[in-house]
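Beneath this line is the structure, given in structure tokens, with notes to follow.
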Amino acid sequence: MRRIAVVTTGGDAPGMNATVRGLVRLASSKGFQVFGFRRGWEGLITSTFTPLTSRSVSGILQLGGTVLHTSRCPEFKTREGIRKAARTLTSRRVGGLVVIGGNGSFKGALELSKQTNASIVGIPASIDNDVFVTDETIGFDTAANTAVSEIDKIRDTAVSHERVFMIEVMGRERGFLALTVGLTVGAETILIPESKYQKTDIIKTIRENRIMGKRSGLIVAAEGIGDTHMLARQIQRNTKAEVRLSIIGYAQRGGSPTARSRLLASLFAEEAVELLSGAEGNRVVGLRDGVVGSISLQESCETEKELDPTLLRLAKLLAT
Amino acid sequence: MRRIAVVTTGGDAPGMNATVRGLVRLASSKGFQVFGFRRGWEGLITSTFTPLTSRSVSGILQLGGTVLHTSRCPEFKTREGIRKAARTLTSRRVGGLVVIGGNGSFKGALELSKQTNASIVGIPASIDNDVFVTDETIGFDTAANTAVSEIDKIRDTAVSHERVFMIEVMGRERGFLALTVGLTVGAETILIPESKYQKTDIIKTIRENRIMGKRSGLIVAAEGIGDTHMLARQIQRNTKAEVRLSIIGYAQRGGSPTARSRLLASLFAEEAVELLSGAEGNRVVGLRDGVVGSISLQESCETEKELDPTLLRLAKLLAT
Amino acid sequence: MRRIAVVTTGGDAPGMNATVRGLVRLASSKGFQVFGFRRGWEGLITSTFTPLTSRSVSGILQLGGTVLHTSRCPEFKTREGIRKAARTLTSRRVGGLVVIGGNGSFKGALELSKQTNASIVGIPASIDNDVFVTDETIGFDTAANTAVSEIDKIRDTAVSHERVFMIEVMGRERGFLALTVGLTVGAETILIPESKYQKTDIIKTIRENRIMGKRSGLIVAAEGIGDTHMLARQIQRNTKAEVRLSIIGYAQRGGSPTARSRLLASLFAEEAVELLSGAEGNRVVGLRDGVVGSISLQESCETEKELDPTLLRLAKLLAT
Amino acid sequence: MRRIAVVTTGGDAPGMNATVRGLVRLASSKGFQVFGFRRGWEGLITSTFTPLTSRSVSGILQLGGTVLHTSRCPEFKTREGIRKAARTLTSRRVGGLVVIGGNGSFKGALELSKQTNASIVGIPASIDNDVFVTDETIGFDTAANTAVSEIDKIRDTAVSHERVFMIEVMGRERGFLALTVGLTVGAETILIPESKYQKTDIIKTIRENRIMGKRSGLIVAAEGIGDTHMLARQIQRNTKAEVRLSIIGYAQRGGSPTARSRLLASLFAEEAVELLSGAEGNRVVGLRDGVVGSISLQESCETEKELDPTLLRLAKLLAT
């Protein structure tokens, strides 16, 4: 195997470009030729790619988004789509494929691995942090900091107007982002899909805080909990507080990656090249207990990552 | 007149604290005693205030929000509310009142001026930039930069996914913020209440750009144009583009003021103290054609500020 | 004249790329062909250039630095160098040349204008803000905000350690940047080349502040005042304060341009294209009293821009 | 033990305030009374303190610096100074003391522990990341991101002028900060005290890069390696490159803490309160292999933290 390819799939995450850069340079130093498929899985299906060299990935380390582009690709969800992708790998003599993306991307990669001899290695990059193999995905830290910076600004208004703000952050069906953000902005209440909540508890917290002299408040809600518009209205109706909703949107997906997202990008790229050098495939790299390693693609796809709910209690105590 | 007071009213804007600090220190250096009414007009009605000294306004220059707090105050919209406020000024022997806020605040101030002998001076601080007297309000530059920074991040995703993003910014009924932001992020289309637009034009622009190879796009819309959710859906339906909506919310109101917002805060505070020293009242200070000056409160309230629509055409040419 | 060229010279400034983009797109819409000389004057001497189209300037609006590059070019200071540059313009049939840079760049442009028939238009882009024609150069606002953000961070340490910090900012021989930055961070003392200062005054200010309970302090010094290392040591020796020096370096030249720097870039580019369309040359565009216009290149080069020293007194009162 | 105290000592680090807030609120919820000594060890010697309640630590989570202040305290390095501090703890009936600081602070704390019965718990907060017990100190991530953001700006100028920049970052005698920063900004060369370097290697790297067409460059140097002014001059003399030095100064110590620094602050505060609840003392909390725990104060002081030099090689490969 002397030729490998890389593809970024699913939602973009800050640090994808840093990962591509690291991968290309480390692989090149080991004698690999590297190609980049464009527009996610679509590039594999249509065999649209570009050669990548140490020089051509210059100047992308600090850029958000992905220079390889990404897209939704319904065709890749079909048997025929996956076969086309596999044929591209064969006809282009690609011995190894690095898939940079999140949980959904790895499920696609698992299906593809059943149709190809190419070694597939996944690198988790996602602002949702919902990939089993790793304590932290590339991009998660950046998204958390973007949300925290925005909420720090919103807090100015919350305090000045003595209002309660409900802030919806991303995270798809999971609450990792909301939990980290909520804890670090000092939210009195954090609402995540993994933990049932009672509207009466939220209302009670607001009322008790008012009695203790704390008239402003922050509620951080994961997008996965459902309709935040309605919830904000209900809370306003049931307290004497002015309640405003602010949805931290797509800015969370973009922006220059933080030091930590870039560091993970480099370390994960290094591990991926190690695996490909040893012709090991069908694995996903990750950070576990402070150590970079990898597990099988299948295990990563089939295991749901757990969220530590004790942090909810800690957050509540901290925001007293 | 040796005793003056200051109040922040309406929506908060970055630089209000810098203004309060400047005002207190410059007024103190002229021998004035300064008080701050709390929670906007409510503080005048309930006579809730705090003495402000050069020392007590230390460390607030760089803070967003307002340390004096602000609030909606329906009672101030009544004749009786305004009378109560006027009585507070008399009973507290306040000879001059500085009102820091936007257009709505000055309308309130105008009503109050009819019931009191105190000299009222308005300082325009608002992210909406909709105050007639001034080319630029305190806080506008900060809000514009906050929105620009966020949209720069969203552009990463727009380009990576080859999507069109519609981004709603604040500005109440006016398009000043949307126009500046749209022009400076390179939006292909800017939608503001002051200028009628045709959906067909937006759709045409997107289609033409696609033909020319530009597959991503940015539409910046003022909140004043109406329902952006529906508009985004209609555009998606009528183009082959993926269209996403992102609402830049309350973060635009907060955050540390930019150099420019702080500079205006200082210059406006200086002018306000000048006016009060000369016992001139019922005026609003502002920046016109590069020069700080003031006009009568009445003229400021009764004249609608014009927006330069030629910038829309410039923006379109720039985003070709 | 159907062919124009653009060059960025001297030190880079945030917004140069936004200016290039604006210029290319607006000129293209008027039917001009546009070229970009590379590496400043060197590109004119060596005839190194690249065609620029509306598409090729895509994605550079928000980038710091200059994609055309810039360099010091001693040869351009010689008669022969200027003649070579003029010959390049003739042989390449360049009818108009837009020079984006600061005061030094325009002096070079003035010399060049004497040897060529091409219409030369200057656009002031410089973090020093020392160009006579304009109240504000492209990039100045960005540099000011970068310095202010850093000093806001340094203030955390100044207050926590109750130290005095002297902070050196850029500006070459002029004090525009130091004055704006010093005023907007709340420096007790601002040192600029345009205003003589006494060490004893600085020392007195620190001592008086200590007596009044203000134990930390900020001194903002322009690089043009001389050796700040020695000055900081002398102040420490003569007060009981811990004095630290921090030099805000090259970061001031880079970074994504602020909304205001981008806006000026767009407006100045528009004016430059207007001039070239009317075959007017040997002018520099600028913003005066809130209006965009132009003056002759010669006048701009021969007139020193004045700095308003009354702001020093205002700054002192504000930082009491 | 129902009364505990907290003190911030040594250089300030972003997240110290978040730690104080977390500590006070979590300790209060367990029934402790909490006091804060002011100005570091000086406050223990002079018995200067302030009561801290859940309400009084409101609004400090996001602030850089330390609201308790800190200072250099030569007297605490004497036997008599330490005895005075111990007597203060006894006379004020302080059963537990939380020391927030870096390596130097813990050495002081170890000495103090020999003279007092109070349980001492250290929480590592330092931008140097040089504390043995923990993989990461509070504030390190913030400092790294501040430096990375500045260097991203400097890169604009480096690329535009095709210059080499040497950038000095903090870290005292250790290279942790320089290593993380250098790796994540893509520096071709990283100079740290833990690894000998040859000037000839730096020069060779620059020359080779020029041959390969990479004319700009970044060298990140830890302050601990010695005189960077002289080194930059020597490199310039020995290459044809323009070499500039930029020292990222005290801004690295300040600013609002990142999400990660705030998270560590919360987790370490929780662990410290756990220890004090169990009357365990003379320990330092930390994060090891992804898990929060503690080791003895003595072990932490006597063991030097190792730095992983393989990252230097990775950085070099990544910046090819």
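The first chain written gets the first letter, and so on, giving A, B, C and D; residue counts start at 1 in each chain.
Basically, a residue touches a chain if its C-beta (ideal position, glycine included) is under 8 Å from a C-beta of that chain, and two chains touch if they have at least 3 such contacts.
Fair warning: this is a prediction, and the values are worked out from it, not measured in the lab.
S.K.: Spell out the chains that contact chain C while also contacting chain D.
M.R.: none
S.K.: Which chain has its C-alpha centroid farthest away from the centroid of chain C?
M.R.: A
S.K.: Mind checking chain A against chain B and telling me if their interface is mostly the same residue numbers on each side, over half, or mostly different?
M.R.: Over half of the interface numbering overlaps between copies: same.
S.K.: Just curious, how far off is chain C from chain A if you go by their C-alpha centres, in Å?
M.R.: 39
S.K.: Roughly how many whole angstrom separate the Cα centroids of chain A and chain B?
M.R.: 35
S.K.: Between chain A and chain D, tell me the centre distance in angstrom, where each centre is the average of that chain's C-alpha atoms.
M.R.: 28
S.K.: Show the residues in chain A shared as contacts by 2 or more other chains, in ascending order.
M.R.: 152, 155, 159
S.K.: Enumerate the contact residues on chain B facing chain C in the complex.
M.R.: 21-22, 25-26, 28-29, 54-55, 58-59, 61-62, 135, 141, 144-145, 148-149, 152, 155, 159, 180-181, 183-186, 212-214, 256, 258-260, 262-263, 266-267, 270, 288-291, 314, 317-320
S.K.: Considering the complex alone, what residue numbers of chain D touch chain C?
M.R.: By the definition above, chain D touches chain C via 8, 11-12, 14, 39, 63-66, 69-72, 146, 150-157, 159-162, 165, 242, 244, 246-255.
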